[in-house]
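Order as written gives the chain letters A, B, C and D; numbering starts at 1 within each chain.
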Amino acid sequence: MVVEICSVSGYSDFGKNMTAVKVGNEVILLDMGLHIENYINYTEDEDFVKVKADELIEENAAPNISFIDDWKELVKGIIISHVHLDHVGAVPYLAGRFDAPVICTPFTSEVIKNILQSEKIKMPNKVEVVQVNGKKDIGKIKVELLNMTHSTPETTAIVLHTPDGPIVYMTDFKLDATPTLGKKSNLKRLEELGKQGVLALIIDSTNAQDEGKTPSESVAKEMLRDVMASIRGKNNGIIATTFSSHLARLKSILEEGIKMNRKVMFLGRSMSRYINAGESCGIIKFTDKAKVFRYASQIENALKKVAREGKEKYLLVVSGHQAEPESTLSKIVGGSLKYKLDPRDYVIFSCRVIPAPTNRANREHMEKILKKQGVHVFKDIHQSGHGASEDIMEIIDIVKPKHIIPAHGKLSMRAALAEIARERGYDSANVHLVSDGERLEIE
Amino acid sequence: MVVEICSVSGYSDFGKNMTAVKVGNEVILLDMGLHIENYINYTEDEDFVKVKADELIEENAAPNISFIDDWKELVKGIIISHVHLDHVGAVPYLAGRFDAPVICTPFTSEVIKNILQSEKIKMPNKVEVVQVNGKKDIGKIKVELLNMTHSTPETTAIVLHTPDGPIVYMTDFKLDATPTLGKKSNLKRLEELGKQGVLALIIDSTNAQDEGKTPSESVAKEMLRDVMASIRGKNNGIIATTFSSHLARLKSILEEGIKMNRKVMFLGRSMSRYINAGESCGIIKFTDKAKVFRYASQIENALKKVAREGKEKYLLVVSGHQAEPESTLSKIVGGSLKYKLDPRDYVIFSCRVIPAPTNRANREHMEKILKKQGVHVFKDIHQSGHGASEDIMEIIDIVKPKHIIPAHGKLSMRAALAEIARERGYDSANVHLVSDGERLEIE
Amino acid sequence: MVVEICSVSGYSDFGKNMTAVKVGNEVILLDMGLHIENYINYTEDEDFVKVKADELIEENAAPNISFIDDWKELVKGIIISHVHLDHVGAVPYLAGRFDAPVICTPFTSEVIKNILQSEKIKMPNKVEVVQVNGKKDIGKIKVELLNMTHSTPETTAIVLHTPDGPIVYMTDFKLDATPTLGKKSNLKRLEELGKQGVLALIIDSTNAQDEGKTPSESVAKEMLRDVMASIRGKNNGIIATTFSSHLARLKSILEEGIKMNRKVMFLGRSMSRYINAGESCGIIKFTDKAKVFRYASQIENALKKVAREGKEKYLLVVSGHQAEPESTLSKIVGGSLKYKLDPRDYVIFSCRVIPAPTNRANREHMEKILKKQGVHVFKDIHQSGHGASEDIMEIIDIVKPKHIIPAHGKLSMRAALAEIARERGYDSANVHLVSDGERLEIE
Amino acid sequence: MVVEICSVSGYSDFGKNMTAVKVGNEVILLDMGLHIENYINYTEDEDFVKVKADELIEENAAPNISFIDDWKELVKGIIISHVHLDHVGAVPYLAGRFDAPVICTPFTSEVIKNILQSEKIKMPNKVEVVQVNGKKDIGKIKVELLNMTHSTPETTAIVLHTPDGPIVYMTDFKLDATPTLGKKSNLKRLEELGKQGVLALIIDSTNAQDEGKTPSESVAKEMLRDVMASIRGKNNGIIATTFSSHLARLKSILEEGIKMNRKVMFLGRSMSRYINAGESCGIIKFTDKAKVFRYASQIENALKKVAREGKEKYLLVVSGHQAEPESTLSKIVGGSLKYKLDPRDYVIFSCRVIPAPTNRANREHMEKILKKQGVHVFKDIHQSGHGASEDIMEIIDIVKPKHIIPAHGKLSMRAALAEIARERGYDSANVHLVSDGERLEIE
C-alpha cells in the first residue's frame, strides 16, 4: 500500500508546522501551528485574538490547508505533538475545518482548553487525551505518542503504524540524559521500532547546523544557579524572564529564588496559563511555594506589595523575554508598571533572542534602556530545546528509517540534516528535501 | 531514451569537479579537476608533481573515478569547461585511464600542454581543440562550448545534445555585461536552447547564498584604479598579486602600471604559464609592454635590476596571493628574495582569501609581518567570478530546464541554489541535490 | 596660552556631534548635530518637528550643552562642518541658546533655511556663509573651512588658528582622488599647516576599524552602472533609493537613468530639499533633466502618470533607503501609494543599512515583502563616505599634529584610531580618548 | 612620592605580560611571560628550548626589557602572579638579567623548577615562595598575593603597598562563586583595601568585550558531565583533552571517568609537569586514581595496553587541545601513535580554540580527519578563566581605585574595559590606555 505524505507547512520556512499522512483512505494530520512572528505582525497582539483563519493563511501566519483540500473528507484525527504555538497555535482557527478530533497529551489539552475559554473561541472538535508513551487507534491506524525531552513538558514523537511499517514524526526534541523535569526520551521504544523497520522519519532540523550535542537542561540550571550565586550586595531587585511554557526552567528559577530566601512571584497572562495547566496535570506544584498573578490589576497590586516590603525580598518571574511591547517586563522597564529599576538591580534573560528582526529590535531597545538605568543584565542563561547534529545522528542510528524527511526550517537547515544523513550512509534518493505543499509517495 | 548523470565529484565538497553523462551507450566526461587544498596538503607542493593517481583519489585530491568503473569502456570524450585547476587539474593524472580525447578551447589546451611539458608528465590522450562558441560531434552526441564570463578566459558552458533535449553544464560562470577581456556570455544561444526545451541544467552554486548579482570585472578594475590613484608620496615600491590565470585582472594591473609610468614585471612560474598561453592564443599581448620572469634565477636578476634602478620605477606583479609559502611574494616578504620592504611601500592583494584554514593562516601570518614592516596593504581589490542569486535566477529564467542539478559545493551552497529554483517555480521533484557518486536517471 | 577643548557630544556614542574650543576668552562651537535614531524614536517623525530642546537633550537626541554652561557667554560662533543631520540637525533647537552666528558653507546654509522655513521654526541667530576653502575671522580667531570629500557636497575641515598653532577639526571626511561631484580634499593646505605645526587634530573615527582605504565614489558609480546594465527583459519598473543629501550619488543615478532612456523622477520631501539647495548653490542642475516632486499630492499624481505611460519608461528615485515607515518607498511597497510592484521590477538600495536595530527591522521587513512579491532587489550599491585606516594614516602623516583627539564614535572606534596613531609613532600621552563632557587642556 | 608604572609588555598585544612599578628607588617587576604563538613560530617547538633571550625579544616572543634599562639596577623582585606561560614563560630566559629573586606561590615555583630541570636551563635567581593570601616584604615594599579564581591553581592578584596607597595588579582572574578546586577569590581583602584607598588597579581586559559574567567552572563541569553521560553504545573509545595547567578541569575529567568505570590515563609531557607540581603542593591527588605517562616510550606502552585490554575500558586524557602538531592527540589522530580511531569513538575538546591563525588551521585540519574517520567530536566543553564585563564592574566597585590601567590585550579590549570604567563614573583622566614601553606617573 502506498503511503502519501503531504508536507503542508513548516518545510519552507521556520514555524507554522503541519504535516498530513495518507494511509489507504485515511488521513492523519500532525500538528497545526502558527508562525508567531507573522501572527503578531498581522494581529498586533501577542496573545490569541479572534481573527479569520483565511486571513491568517493569507498572511503566512497559519498553514495553507488548501494543499490538502482533496483529502479533507478523509481526515480521521489531528494529533498535536506538544504545546508550543508553532505546533498547536492554529488549532483554534483551523481544526474546525476538519470533522475529526484533536488528539494530544493532558498538558497540551489543558492549554488548548484554557486558550479557547479565555479568548472565548468556539471549536467544534473534540479534544481526546492520550497519556505520554500511550497508544490509541485512529481509524485503522495505530498511534503512539512517545515521550521526548524538549523545552516544554509532554513533548512527544508521534508514531503512525502503517502496513508498510511505522512512520515516526519527531519534531521537536532533544536528547537530554538528565532532564530536570519529566522523563528521558523513550529511546527504548524507538530502538524496538528501529529493529522492526521504520518506513519514514520526519525529523526536526532546527539545530542541524550546530555541531556536537545540545546541552542538557541541567546545564541551563547550573548556569542559572551560577548567575544567581554571583549576585552580591544589598537591596537588589531581581527579575527573571523565560519562555512561559518552559516549566522546567520556571521550576529551576523558583528553586533558586527559594534558596536565596526570596519570595517568588510569577507575573503575566501566559505565565499563568502554562503554570495552571502544569498543575492541573500534576506535572508541577508551584502555588504552594510561590504566587501567580494573571491580570493587569493583580499584577499592579503585587508590585505595590513588592514596593512596600522591599524588592530585595522578592524574585519576580515575568513574561517578556523577547521584550514584547505589551509584556510585563516591557511595562516595568518602560515605567508603566511601578517597579523602580536602579543600578543595584538585576534582570536575567533565561532565553535566547528568537532570531526575527522585530525581536532583535525590541530587545536591543530594551537593553539600551536597562543600560542607561545602570541595571545589571544577564543574557542567554539558556540551552536550546532542539537537538544538534550529534543528537540527530543518534536518532538516525537508532531509528534506522528507510526514508528521512527533514522538517521544521528553511532549506539550509534541512539540507544540514540531509548532510548528516549522508554521513550516516543515506543518499539523496532516500532523503527528501520537500517544500510546503508537496506530496511524497513512499513504500 | 533514458539519460543517466553520475555526479562523480564536486557534489559533496567544493573542488575536484567531475560529472559523467551517459546517453545510450556513450559516456561523456565533463571536467576532471583537483581539490587544490588537499592536493597541496598531500604533495606539499603548489605546482604539479609526479604522484600516483590512486594516492590523489585516496587523499580526496582527485575525483574518485571508481564510481564509473562500469562506464569506463563507453567514454567517448573528456570535455573541459575552462582552465581552472578544480576543473582541469586532474587531467594529467586521470585522463589516461580512459581511451578518449580531451576536448577544450585553445587557451585550456595551451595550459595543459605547458603543464605536461614542464613537469615532464606523459599523457596518452589526444587534446582536441574547439573554438569558443564552436561545435563538435563526439560519437553520436553533438557538443557545443558556449562562451561564459568568469575569472579566466575562454570559460564555457558545455551543451550536450541528447535525443531528449540538450543538457547544459554551466560551472563556473558569472553574468558580466561589461567584461574587460573577451566577450559577454552567450545568452542568445542559451535563450534559443531554452525555447527548444532543455532537459537538464547542471549549474554552479558557489555564490548561490549571496544576494544580488556578482559585480562586473569592470568594478574590480575601477577599485584597482582607485587604490593605485591613492598612492601618493615618493619612492614607493608597489607589488600587486592576483590569480595567475585571471588574465583580465592582470591586464588591468598592467594598464594601471603603465598609466603610473612604471615598468611592469610579472614574476613567477604560474604567472608565466598563463601569460604565455594567453599570448599563444591571441587573447592578450603583454610582452611588448612588460617583462615576464619565470625561473628563480631570472626573478633574482630582475629584482637586482629593480634595486639598482629604484623600486619607485616599477610595478611588480607576483604570484602568492594566498601567501603560499613557496610563492614569489612569500619569498619577498620573508627576505629570501632581495626586495627591501619599507613603510613607503604598498602591497595590493587583488583577490580574496580562498576560505581554507591553511590559506587563512598563511595570509594572517604574512599580513602580520607586513604590518610590522609598516607596509601599506590593500586587500580584497576583487570581484568574484561566480554568479550570485540574481545571476542564477536569470539563467534559470532563460534556460528553463526541466531538471536542475546544483553542482560545485557543499550541500548548504547547493541547497541555496535549490531555494532559488523553488522561488522560480520548481519543486523538489525536479531539483536534484545529489552527492558524489550518485546516479540520476532523467527523461 | 592654554587651549581648552570640551568634547561636548559624539565622543561616547555615534551621532549628535558637538565640540567646543576655548582660546583665551573666546569659545567656538563646532557642529551641533542630532542623534537621528533617538530623535525619531522620541518624536516618532522622520522630519523636523517642533519639540523642546530640553526634551531632546534628555532623550539623548541632542548634545547636552549643560557641559559648557560656564562658557555660554563666551561663545563667538557656531561653525557647521557639513550638512548631515548628525552635524547640523540640532541647530534649529539649540543655536538660539547662544548669542552667536551660525557659520557654514552656502549649501549647508540653504538647507538650514529650508528646514526653518518649511517647519516654521524661528531661530534668532544669523547664518553667515563662508565659501569652501574660504576664511573668516571670528573674534580674535582666524577660521578656515577646507574642502574635504565625503558623501555630501561642501563638507569641510574646520581650521581654528590659535596662538599655539592651528587646531584641525575633521569630521567627517574620506580621501577620494576621483570624486564624481566637487573637488578633491584640500590636502595641499593641510600639508602647509602640517609643516607649520598643528596643535591638535580632532578626527572622524567612524571607519577606523576598517583596513585599507575607503573606495572612491567613482567605484560606487561603477557598481551602480553595472547593476543598471544588468537589467534585461521588458516592462521592468526600476526604483532607486539613496541618502537624499548625497547629491553625487543622485547625479550618478540620474545619468544612468538617462542612458537607459528613462525619464527620471525624484520623489519625496527630503529628496526635494537637498536638490533645491544644491541647485541654488550651483552645485548641480537636475531640474532640466528630471522632475522633482515634494508633496504627497504631487507624488500621487506623478505615480498616476507613471501608471498611465508605463513604468518601463521611468526611473523613480525615492526617499526611504532605511525603509523608514513614512517614506515614499515604504508607501509604495506597502501599497498606500499606487505603483504595482511585480516580479519584473527592480529596487536598488544605493546605500548601506545604518546599523540601528530599528533600521534593521524595518529593512528586513520590507525586503521580506519585496521577496514575496518576487521583486529583484540590489542592495549595498554603495561606498562609505568615511575614511578607513589608510586614509586616517595619510591625514596623520600630512597634518602631523601634536595632539590627536579621535571623535565620532564609541570608544571601540576611537580606540581603533588611537591604534593607528600608535603605529605612526604617537603614544598615549598625546592621543586623547575623551568622553562626552570632558575638558582637555593642551598647549 | 611619585609612583611610576612602566607598561613593559602585554599592553599592545595579547600575551608576554610584564609590568614594572617604581616606588622611590625600588623597582618591582610583575610577571615575565612569553607570547606563545610567536614563541612557537620562532622556535618551532611547543615546549621550552634553549634559545637566546635577545632573539625572543626580537621576534616579539618575550617582553622587550630594554624599555627599563635605566631601572635595571633598582629591581628588587620579580613577582609572578600565576603559572600560565604568558605570565611566567620568559622567566627562564630573562630573569637572569636582573639581580633579584623570583617570587611566587608554591605551585608556580614547582613548575618553574620542573622546566629548568627538564630543559637543563640554568637560572641564577633564587625562587622564593609566598603562600596564597600571604605577605612578604621586598625592600621597603610590602607585598601581598591574594587568591583569585582563574583557570589554573594559585592564581593571585599582587598588591604592592606604596606610601600613596596600594597598587593592585590583577591579571588574570575571574569571579567564580563556586570553584571546583581551591578557594574563592579573596574579595574580603580587596574590600578592605578598597575602603583604605587604592592608588591604582592594573586589570585584565581579556573578556571586557563580553557582556554578563563569565560562568563558573562548575558550569564547565556540568557540561562535561553532560557530554560524558550522553555517550551510549558499546566499545567506545573516549579521549579528552584540555589545558594541561587547568587542574580543576583535569580533576573533573578524572571524576567523570571514574564514574563511568573507566581507567583514566594522562598522557603527555606538559600534562605530567602540571600534575606533578599540583601533587607536590598538595593541591590535587591524581596518582592514586589514575596513571600519568610522560615520555614517548611510556605513552607507546600505555597505548599498547589499552589496545590489548580494550579501549572501552579507558578514558585517555591527552595534550593537544589546540591540535599542536607534536602533541599526543595529533600523533593519535595522524596514526603515528597506535590507537585506532573508529566511528564508535569520541574526542572531547574541553577547551576553546585560542584565536591564532595557526591554531585555527591545525584544529580545522584535525577535525576534518576526525570527521572522515567518523569519530564523534564534542568541542568547546569549556568556560573561560577571564572575567567578563560584570566581573570587571564588580572588581571596580569593590576596589574603588583612583587610577585604572587596563592590561592584557589589544587596544580594542582595553578600550572596552575603559568603557566599563566610564559607566562606573570614571573619566579619561584616570583611565590609562597605555601601550608597551610607556611610563605613567601617578600620585
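Here is the rule we go by: a contact is a pair of C-beta atoms (placed from the backbone, for glycine too) under 8 Å apart; a residue touches a chain by one contact, two chains touch by 3 or more.
Predicted model only: the values in this text are computed from it and were never measured.
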item	value
Of B-D and C-D, pair with higher C-beta contact tally	C-D
Cα-superposition angle relating the copies chain C and chain B, to nearest 5°	180
Euclidean distance of C-alpha centroids - chain A vs chain D, Å	42
Chain C-chain D separation of Cα centroids, rounded to whole Å	47
Rounded Å distance, chain B centre to chain D centre (Cα mean)	46
Residue numbers of chain D (touch at least two other chains)	none
Interfacial residue positions of chain D with respect to chain A in the complex	175, 177-178, 211-213, 215-216, 218-219, 222-223, 226-227, 229-230, 232, 371, 374, 376-380, 390, 393-394, 423
Of chain D, residues touching chain C in the complex	12, 410-412, 414-416, 418-419, 422, 427-429, 432-435, 438
Interfacial residue positions of chain A with respect to chain C in the complex	41, 357-358, 360-361, 364-365, 372
